[in-house]
Every structure is written in structure tokens, then in C-alpha cells.
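Can you read through this structure? Questions will come right after.
So that you can tell them apart, the chains are marked A, B, C and D in the order they are listed, and the count of residues begins at 1 in each.
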Amino acid sequence: MHIEVCEHAFSPWERLATFESEHGPRQGSFGATATFVGTMRDFNEGDDVVSLTLEHYPGMTERQLERIVSGVDDRDGLLEVLVLHRVGQVVPGDPIVLVAVWSAHRAAAFAACRQIMEALKSSAPFWKKEELKDGQRWVAQNTPG
Amino acid sequence: MHIEVCEHAFSPWERLATFESEHGPRQGSFGATATFVGTMRDFNEGDDVVSLTLEHYPGMTERQLERIVSGVDDRDGLLEVLVLHRVGQVVPGDPIVLVAVWSAHRAAAFAACRQIMEALKSSAPFWKKEELKDGQRWVAQNTPG
Amino acid sequence: MPIRVRYFASLRERIGRAEDSLDAQPDLTVAEVWATLQPDRPLDSNTLAALNQEYVEYDRRVSDGDEVAFFPPVTGG
Amino acid sequence: MPIRVRYFASLRERIGRAEDSLDAQPDLTVAEVWATLQPDRPLDSNTLAALNQEYVEYDRRVSDGDEVAFFPPVTGG
């Protein structure tokens, strides 16, 4: 399991290529990789969003993400998990979160990737503040998946 | 929608990076990208597998893949879909299939990626022949996801 | 134009060739195409049939110039 | 060692500071930590509480040296 809070912009596909070649499961052992990338949109709840500031709770963030990954229902089916999450100021098009799961079979990979994302959205201590054209607002609550 | 049958090995993360920058939805329009990569394992049904030959039905393959993508339940929620599928001789560790879905929101992206993979497995005209240490065999049937 | 009949994967190997050609007859069905060309092999219910590259049931009618294909369950992905 | 009390996001902004410090008392609960430090703000039931970086209910007991945090619903991902 590799969990990282990123202070700077990251490129999910480059990170996946590097991680897989350096830390991925042995070639031939995995048959399925499911990934999810969450990216900043330039709209939310009907308003244009100029930028976003992501605050988090250093220390608790990493603990919660580890707990989420360790708590995946079919933990035995997983060979490797990568979670990256951005903090700081983010602009539209910037990746915010990357979850990638390697498994022997596809059912476990799909299910774990989804489960990790939903748990991350509901319990990892990150908060978004949106900068609109005419002011700022905290995002009140994530929508269920 | 971009669908491609690949005669040669491809690198899914490189292809995703290139496709997203050249043909991806407008930056800021998508908030969710779900991907699945199917990779050749070196084992199947308890046996070591040395290599795999993937046969397909040229023409019908592309038609079926287009039909699968067009038939996604929440087609309106999708901004872009990329499907790559390998044919020819494949060795353990080689990617076989890549499905990537871009959407405004994560529920549509997850659901479409999964739905496309399941439909591809059950109806796209590809066939795998495995080369074992002591002979060859056709894979009889895909397991349900 | 005759009907082009194609076989794929294990079926192609068992039959020993990748395709056949058949002259159309009135009201010919997919099942009859098979029975005419493979009189010694009953059509296995697992076998999938396609007409002009779309899946069809065995009772679908076939016309001049059509492409019919028979193949085993697919195993891609 | 005192209890370290931290506030995040909109709660931090409303309170006007990121943390407080409080001397432990016997059988002090998370809810009482809040009430002691924020006597004029009832604890909103949406507010999440963590003790030593793990989620807890408001009735959890707090000890010397603990870190207590209060924050609004999380919105990452």
C-alpha cells in the first residue's frame, strides 16, 4: 500500500507508469488494474469555480487513508493499492485524487477501487474551499457516489 | 468515443496520457475518470501459462465495441470513452484491454467503465488460446465479473 | 453473390478452414446454412451466430451476399 | 501535559484560530472540551470529532496529552 498527500500538482498517468514499474506487483501476477482519478471541475452547483483550496489534517489524513485501504472487504484479493491526494491550491483540470488497485481478477479490483473512493469521500479529513468570481465558499458536503 | 484493436503491445498509462491531452474532454469539464486495464497473467485455472494468442473478428469487433459503448445506461453522463484491445501473441504482463471513461461525476464514470468491461467480456468477438508448458488450449468461457 | 460463411477460433480449427461459400436459397436460415455446410456436425447450442457482423438467433433468414459467422463463446478482455 | 484542541476548515475560520490548549480534568468528555472552550457556540451535530486522529463520539473521555479535533463534514476526493 502506498499513500501520499501531494502538495504540488501531479500527473496521474505518469505516476501510475512509474509506480507500476517500480513498486507494482510482479508482472504476470495481476490481471486487473482499476483506477479512479478525480479532477477539479470549473463548475459546481451551478456556479463557475475559479480555483479550490484543499485543506487537510496532517497525520490523521494518512491514518484514515491507511485504515480505509486496510478495511477493503476483499482485502485478500488485492495485490497493491496506490492512493494520491492533492492539497493546497488547485485549478480546473488539476487532478485531486488518484486511487489505483491491482488484483488478480477484475471483480476485486473494481469493487475495491469504488469502495476506497467512497470511504475517502466520506471519512478522509480533507476540506474544499471554492473561489468563485465573486467570493469564496466552503463546500458543505460531498454527494454520495 | 475512440475504439482501437491493437496488433502490438501498448502501454496503457502512456496511451491515457496522450489520449487525454490530445482528445480528452475540455479541462475543467470532467471531474471523474475511471479506467480498467486487463493484463495477461502467467496462471489460469491452476496452470502456468506461457503465452496467449488473441484472435478476433475484424470488423465485427469494432462494431460490437461501438455498440457496447453506445449502449451504456447513463450515456448522457459520459464525456469521452477510450477502448483499446490487444490481438495477436501476448506474454504475461502485457496489457490486453484498456477501458477509460471520462465524466463530470464519479458515479457515471465507475458504472460505465464496469458496464463496458462486462459487456466486452461477454459479447466482443475475441478468443484466447493459451500456450501451456505442455500444449495449447482455447479458453472455454469468461468468468462473470 | 453467394453467402460468405466464416468460422472462428476453436470452431475454425475443428472445421479445418476459416470460411465457406454458399449459394443463397429462398427462406434459408442461419441454422440451415450450418446444416448444409456441416452435415456431420450438429450445431452446438453454445455456438454463437452473427449475420453481417451482428449477433442473430439461428432462425434468422439469410440472403444473397450476406456474411454469416459461427464461433464459440467469446473470451476477450 | 495539556490537551491540544484543533479546529479545521470552516470551523477554524468561524472560531478564528486553529487550536486551543486545555488542562485535563477527571472524566472530561469530548463534548465538555468543546463546551469549556466554546461556551457561546453549541456543538453542531454535524461537527465531527477526532481523538488522537481517530473519529470518536462526543461522549468519549479525554486524557492529559490527548489531541482533540473538531471539524465540519469532510469534502475531499
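By our rule, a residue touches a chain if its C-beta (ideal position, glycine included) is under 8 Å from a C-beta of that chain, and two chains touch if they have at least 3 such contacts.
Fair warning: this is a prediction, and the values are worked out from it, not measured in the lab.
Asks: What's the farthest chain from chain A if centres are computed as the mean of the Cα atoms?
Replies: The most distant chain relative to chain A turns out to be C.
Asks: Averaging over Cα atoms per chain, report the distance between chain B and chain C in Å.
Replies: Centres of chain B and chain C (C-alpha means) sit 26 Å apart.
Asks: Using mean CA coordinates as chain centres, what's the chain A-chain C distance in Å?
Replies: 48
Asks: Using CA atom averages as chain centres, what separation in Å is found between chain C and chain D?
Replies: Roughly 72 Å separates the two chain centres.
Asks: What are the residues of chain B that contact at least two other chains?
Replies: Residues 38, 106, 117 of chain B each touch two or more of the other chains.
Asks: Show the residues in chain C shared as contacts by 2 or more other chains, in ascending order.
Replies: There are none in chain C.
Asks: Following the definition at the start, I'd like every touching pair of chains, please.
Replies: Applying the touch criterion to every chain pair yields A-B, A-D, B-C.
Asks: Where on chain C is chain B touching in the complex?
Replies: 6, 8-10, 50, 53-55, 69, 71-77
Asks: Considering the complex alone, what residue numbers of chain A touch chain D?
Replies: Touching chain D: residues 38, 54-57, 59-60, 63-64, 85, 96-97, 117, 120-129, 138-142 of chain A.
Asks: Within their complex, state which residues of chain B touch chain A.
Replies: It is residues 11-14, 16-17, 20, 27-43, 92-93, 104-107, 109-110, 113-114, 117, 143, 145 of chain B that touch chain A.
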